[in-house]
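The same chain A turns up in both complexes below, where it pairs with chain B and then with chain C.
Now for the complex of A and B:
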């Protein structure tokens, strides 16, 4: 599916996408959270871009781990530990790899989701990034790994539906939980940022 | 956005540096981090660390000093500090009696502090924690992440800090910190919003004649929005909710009237005037009152009321000496 160089290229594209969508993500967060999601992720991925050359000669596992550690130490808030842990666990799933297959990508996403659940103690249906991540994983498994592009497209479609679904439910995790029913009608910023990342990956393959 | 800053991405750095330059007798920076610790580290006591996003000054660096915290960690504005920064703070202040983290109950804060504690334990440092959730405006039910930690946290710093200064064990310091958490209740309101520098836009909007009741310390929405009322009516509304949440009848309390950053002291005293009257009427005795800016929200205009129910132990610890830039008991 992707060589190591392509993975590095994709991380740069993800960083650019987060930068591009930062204001939108922040606006979403302003509505139901504390209005810093885009700002914080953007600060983290800028640092990731600085750090990437340092690990360019390492394997994909080490690169993803570095991305995770960089996010943990620069993003803050809830999204720092969540995305940071996700990338670190993803790195563990492809330790020593110099390329990743579609099957590897499923393993990466599964590990990332495991990291988010470990750190955030959330489940499906709580209006969090998991509401995009879990359907995306299911859809990609269902699509099969024979055609990586088709698999990723199925994941993106499901993630987008997941984002739409977050508009219909009450938040029970994070700061949005204090709003109760007033959180209905708003899409979850974390589910949205994950979808932006997955879509960027899908476009690059 | 109109602010007295140099560059958006330098605000936290220059705030921490300026704070240390203002109070060199109390504070020093830990390396190049945004952690401040006591200028003279005290051994043989439980070390207390707290922190949160910047924008709440004097919290938390301003409460570092004798009788209160050993370190305060400043994250980006309104954003929890990162685990590596908290970990550097823990390493700098650790003693053989252990470290207690005082965390305000926000998802990000809890996650980042717990990750830092994991890192510290890996190095053999004993770390425990209390999580403060004193805000009665939000529901602490199963369907939320629990109540938010707001200005009542300063009472935790004061009282746990006094206990630690006595040389008490980690378990005893934690127990008294938890006692404060169990007996403190707060609620806030605002009449104008605040703007996070990196965002450039106010976190929310209020019409000229509106107020937000139950607002959080990052400008998060509260319980509801309504037409602005007179100060006494606003106080009645907040006090009704606070007094309904914990039975203060017949007890002695510490009162904190906290300005959110842009509220004239004059108005805070107007607020306190009626708070005192309400307490008297409800047969609650005011033991000590604090009026001022303790847990701000940038330039938000509004206030919070915190009530701490006291017993003999808490009274003694509240009266113990505290000498920090932001809080003094002499």
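Now for the complex of A and C:
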């Protein structure tokens, strides 16, 4: 599905996509949170871009781990430890790899989700990034790994539907949980940022 | 003495809790880890880690935190440090901090200071 150089290129593209969507993500977080999700992720991925050349000669596992550690130390909000742990666990799933297959990508996403759940102790239906991540994983598994592009497209479609679903539910984790029923009608910023990342990956393959 | 770290998204809130405790515990190794490096709102892995190290006298460190990423980031710092005498305590921030600070200043051991912090759950105001 992707060589190491392509993975590095994709991470740069993800950073650019986060930068492009930062204001939108912050606006979403303004409605039901503390208005910093885009600012947080943009700060994190700027630092990731600086750090990428340092690990360019390492394997994909080490690169993803570095991305995670960088996010943990620079993001400053919940998405730091959450995406940070996700990338670090993803790195463990492809330790020593110099390329990744569609099957590896499933393992990477599964590990990332495990990381988010380990750190945030949330489940499906709590109006978090997991409401895009979990359906994306299910859809990708259902699509099968024979055609990586088709698999990723199925994941993106499910993630987008997951974002729409977050509009219909009450937040029970994170800052939006303070709003209770008033969180209904708003989409979750974290589910949205995950979808931006997955869509960027799908477009690059 | 047992060390105590106050983690908050807000620099002024963390420092305010420390100030509040200082009145009764002038000597306790108590430090604030609030906000980001540049003073902005958020939680910083490096600041929390440095704070924990600065109050560690070898008798254990308790970390009290506000909400959300303050808990998650502290958890990652503690995993990184990997010392089971450095722990988070789940208690009301202000009440737990004063109870823990006074106990630490009084020379109580790690388990006793932690128990004092947890007793803040029972300190009803009304």
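Just so it is clear, the second predicted complex is superposed on the first by the 205 of 205 C-alpha atoms of A that agree within 3 Å, B and C clash if a C-alpha of one lies under 4 Å from a C-alpha of the other, contacts with A are read in each partner's own complex, and residues count from 1 in each chain.
Please note the rule applied: a contact is a pair of C-beta atoms (placed from the backbone, for glycine too) under 8 Å apart; a residue touches a chain by one contact, two chains touch by 3 or more.
The shown structure was predicted, so the numbers you read here are calculated from the model rather than taken from an experiment.
Q: Consider chain A as the common anchor and indicate whether chain B and chain C clash or fit when overlaid.
A: Overlaying the two complexes on chain A (C-alpha atoms) leaves chain C and chain B clashing.
Q: Once the shared chain is lined up, is A:145 touching chain B (first), chain C (second), both, or neither of them?
A: neither
Q: Given the superposition on chain A, which partner contacts more residues in chain A: chain B or chain C?
A: B
Q: For A:81, using the defined touch cut-off, is the partner it touches chain B, chain C, both, or neither? Pick first, second, both or neither.
A: In the superposition, A:81 contacts both chain B and chain C.
Q: Tell me which partner A:30 touches in the superposition: chain B (first), chain C (second), both or neither.
A: first
Q: Per the contact definition in the header, classify A:120: touching chain B only (first), chain C only (second), both, or neither.
A: both
Q: If you stack the two complexes on chain A, which partner ends up touching A:6: first (chain B), second (chain C), both, or neither?
A: After superposing on A, A:6 lies clear of both chain B and chain C.
Q: Touch test for A:170: chain B only (first), chain C only (second), both, or neither?
A: First partner only, chain B.
Q: Under the stated touch criterion, which partner chain does A:179 make contact with: chain B (first), chain C (second), both, or neither?
A: first
Q: Need the overlap of the two footprints on chain A, from chain B and from chain C, as residue ranges.
A: 34, 36, 40, 72-73, 75-82, 119-120, 174-175
Q: What part of chain A is in contact with chain B in the complex they form?
A: So the residues of chain A touching chain B come out as 26, 30, 33-36, 39-40, 43, 72-82, 119-120, 170, 172-175, 177-180, 182.
Q: Can you name the residues of chain A that touch chain C in the complex?
A: 34, 36, 40, 72-73, 75-82, 84-85, 119-120, 174-175
Q: Spell out the part of chain B that touches chain A in their complex, as residue ranges.
A: Going through chain B, the ones touching chain A are 53, 75-76, 78-85, 106-108, 111-112, 115, 138-139, 143-145, 148, 196, 198-199, 201, 203-204, 216, 218-221.
Q: Can you check the complex and tell me which residues of chain C touch chain A?
A: 36, 40-46, 68-69, 72-73, 75-76
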